[in-house]
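So that we are looking at the same thing, I have put the structure below in structure tokens.
Chain IDs A, B, C and D follow the sequence of writing; residue 1 opens each chain.
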């Protein structure tokens, strides 16, 4: 299902293809601006889409160009999220921005018990075209109350599509898909992604739901990672390559729907799996990927699975403590190395 | 760590030991009444502890005996849960009853972002002795908005202990432990457990955190199940026994902390694992158990793991549809049978 | 300061300013709802259980005139006590009953049940059984109407309990700030409701002695009406609708009734059989324990009494309407009972719209 | 109807009824907070970043007299703008600074940072940086005090933004119903705050023109005071504390200030250097763009001016106090800078109380 890195025309350099080098934040704002322009029914509630960093000013242009369709609500998450759900039920295409992911808890009843269930409860007769947007994860000093990654909890909630871009090209291609999908979609960003630079096609194409991306192909170990941990994994892959370990990095990009085939094919090829994710360890994104592998491809595994996640500890403030819990390139590389050196399971 | 069914004195019948046969609801109320009596600082906020079924009247005695310490709050879950958190911070031992599990979403910010983090954020200087109680799962006609099993999401939240009794003896021994533990504890009940009958010791003993219970020992397949699915699994085990399949049923009882050793020892013995749970499939309780096994004991597995869970579908109203999604004894038995008949992984 | 006891003002005239056919249609709908719900309670008693449910008896004179004051294109968003609105908007009683029993032919194919039955094509897109859940949603639909310039208004239908939820407060504030065309219709049935402590369903537990003051605190104008007074409800809703439609923003309408005794316990019951029409003109014939309620507090009988008094119909006409709706309800029960359950496979459909 | 613009009434007397030493202690605390926060902004500018943070400049005349009206055993529960209360209750500035920098010697061992710094032993058990999060918690602590008969009261300290959250509304209602001994102290600093649209921190977005009306709607008495008037704050809090302690139940106190311009942008700044004491008596010496704020809207300078006017101290005394607190703050910075970071291993401790 997934395009591998080798299919996408490495013959031509990005420059030759007319791609532009953009930051993630720029690519995101470009997608939003395009949607605003093309779709008079597109409404944004909440306007910290780019977070609290200096990049946030980029969003101002959109806000000022469409003051009636970019609304700054009160600090009332369940209220304004519910407004978004209702507006979507009455035909608008809504992006509700919760800014810091942790604030989605305030809105949880509307997200998990209204939007997620509405189509099903109606017997498939009601569409709720809404996107819930937030910035998740360790952001540097967010501490326990502002560093959540609720996407695993949301994956445990049927009725929500979940998209987690990890690069400028991905966010540029995925946001329009989310808005046009016509269904409740969680769109997961990360403040550390905002300044990440990368090539974005001159004519961006929509990236469909359920298509993983092989961010690096390799033969030794499969790393599955999402969101910012893809960037951390890329950096680990580089180090590992210099040590002669050839890592394959699979980015599911969307977990609902999930491109199981691409993940499983990669594991079948390498026989070694490391799952990296910034959700807390227990019942996290990595647990589900590991569980799927343990059900579907156990016999191909040469070594047990390893998860590299944020441990089951609230996020501490101190930078030293925060990075101890982070899914750093060092931790990822160490896990991959271990997979290469540990004893293989004996098979016939 | 766990006591196996064979240690607990099968020489004597429960009757000989002076055990009493009680319903789950009776055992729960007995525990509450005892705590009320012994501990003047024990406070209950919310009073649908036994749900909406006829058993609920049992709770009235407690309510009428301690009107000042059993408070009926408004329909304002984030408010009254926050009251509980604050009361616990000021030294009371609080049980907040959210009644139907789905209503915990209204209170999520207080549960996952205040109570769960408070000790950690204080640097270990503040204790929050609070128990969050609810009735989870498919209850018959609860439909999408009243049938949640949020315990997987809560396991993804560091800072919460999670207890899930499955029998009258367990609930009798576990509730006092929860209240006395001095830390935020999620206490998961199920309305279908309420009428379940079983023996409760004449002099009930507290059941510690982190001690699994082997509800049935067997040599062929390990079934790990929690809460009401333990009862469903017991019924499957009976059927299977009559077919000559000897199932071991491990009930972790608490998932935070988790008695990994008992689970892993059982899997090491049987080489076959079925995980049963009523949380939705993705990132559910069963995902985590499967992920742990895939990391720690992969080489002992003779066949891939199977999860029997509620699929990733909102809970439908119609009884026919609801039971289609349920973790019924039939589905459990079918999974165990399949584990016995499928091709084993070839090993040296 | 304890809130003042609510008691309907029986001297007031309760017929709204409508043509005779309109007035009769209202009566027809009220009786349809009453008979539907009475029958439902018997069905529940016979079993099998269809889960926890709520009936609209004793509140017909709120929802029915309220919806009559709207246009068909306006949207209404109910909460758990939703059967009355569905019937009032013309949902087929058979399909509603089938939904309540979980049948394939139900309004929502059996996925919704009583708690979530909805009818998007009748302007009832979504029913939330979460207290307070529907309020911001209804207001958000009004925001969409405003942005699209569709001239629709939207109505949030909820109980007094919902005013205890912060979600409702937040929705009131935002609706006021953004001046969206929404009406918050709060059906206050807490008078004589039992509290949880008495083993019944909770009566509302709020320190507000006037629910409208919550709305007013964030600039939403509020009125309170006698919910057994069909005219008062119709007028208040017409005025609120007019304000909303001219972008005058939201209104909070509180309609008070004395709770129907059969809705007092946790599971609905018929404490003394079905309502008889003659209770309207021979109140003494009502069963002892319900005499006061039927005589003074039942909006439906009050409306019927005045219709009769004004010679808009006679007792035989009333009996005919009643027998009409009774056959409709019996037909609905037959339809629902004879309908098949959905196939188990269909449990996996409809998780996402447009994908099955 | 737009809310009336808030402007301090400069003619009023602002010294509370306290002995001279008490009055001087208040000044001392105000200056300590001012200097601490000014220094913190410089530290943030120098880097490394310690994350998003909030300073208490311009609100000293709320928190400091408010806490002075309490007993030491009373509990106070702050939100994200918490440094002022901690210092006011006697937290060591060095340990607070160390906490903000994430050091082992911090009040909470570096786990809390600015957003969550707390001091259980000083009656500040928990700080929530979630808007609205602290309000029900503070009220619940009051419930515990009531049940234990401990004669404690509890104070929720929060901004105007928290009145937009449903959690706050719910807490007000329950506190009123259960008559718990809590004071809801709302620091309204929204006047002249920038909105998000202006690239700054959100000003409060509420349709309420009088925040107290929200409290009153659920039966909580409410007062509003000029937050630059130390006396008014002290009196209002003393009265509310008295009511709470005699089981008169909760009170909502709104204290208004004009937002300090350095708190206007999303990240705090010192728009024109540090506050100089002489701005109190030579307002023209204040930098142009802040002249109005320092002259008319800064409660601290207003308090100092009146102390001087009443000859409770002279300029030299004031300078001495200032130099005292400045050295305290410098010592705090040194202490914090010289402190070690916690060991990485300690990240795994303290998840549960009593287990490490």
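Everything that follows uses one rule, which is that a contact is a pair of C-beta atoms (placed from the backbone, for glycine too) under 8 Å apart; a residue touches a chain by one contact, two chains touch by 3 or more.
Note that the structure is a prediction, hence the values are computed from the model and not measured.
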If you tally the C-beta contacts, which comes out ahead, B-C or B-D?
B-D
Chain whose mean Cα position lies farthest from chain C
D
Could you state the distance in Å from the CA-based centre of chain B to that of chain C?
38
In whole angstrom, what separates the CA-based centres of chain A and chain C?
43
Euclidean distance of C-alpha centroids - chain C vs chain D, Å
47
Contacts with two or more other chains, residues of chain D listed in rising order:
106, 110-112, 116, 128, 130, 133, 164-167, 169-170, 173, 177, 205-206, 351
List, in ascending order, every residue of chain B touching at least 2 other chains.
73-74, 76, 78-79, 102, 106, 109, 113, 117, 120-121, 143-145, 158-159, 311-314, 316
Complex contact set, residues of chain D against chain C:
164-170, 173, 176-177, 205-210, 213-214, 216-220
Contact residues on chain D for chain B in the complex?
75, 77, 106-112, 116, 118, 120-121, 125-128, 130, 133, 135-145, 147-148, 152, 154, 166-167, 169-171, 173-174, 177-178, 349-356
Complex contact set, residues of chain A against chain D:
47-48, 52, 56-57, 60, 63-64, 72-76, 78-79, 102-103, 106, 139-146, 311-314, 316-321, 324-325
Under the stated contact criterion, what part of chain B meets chain A in this complex?
102, 105-106, 108-109, 112-113, 116-117, 120-121, 143-145, 148, 152-153, 155-159, 255-256, 279-280, 282-288, 290-291, 293-299, 301, 303-307, 311-314, 316, 345-348
Can you check the complex and tell me which residues of chain C touch chain B?
48-52, 99, 102-103, 106, 110-116, 128-133, 161-162, 164-167, 195-197, 199, 202, 204-206, 266-267, 341-348, 351
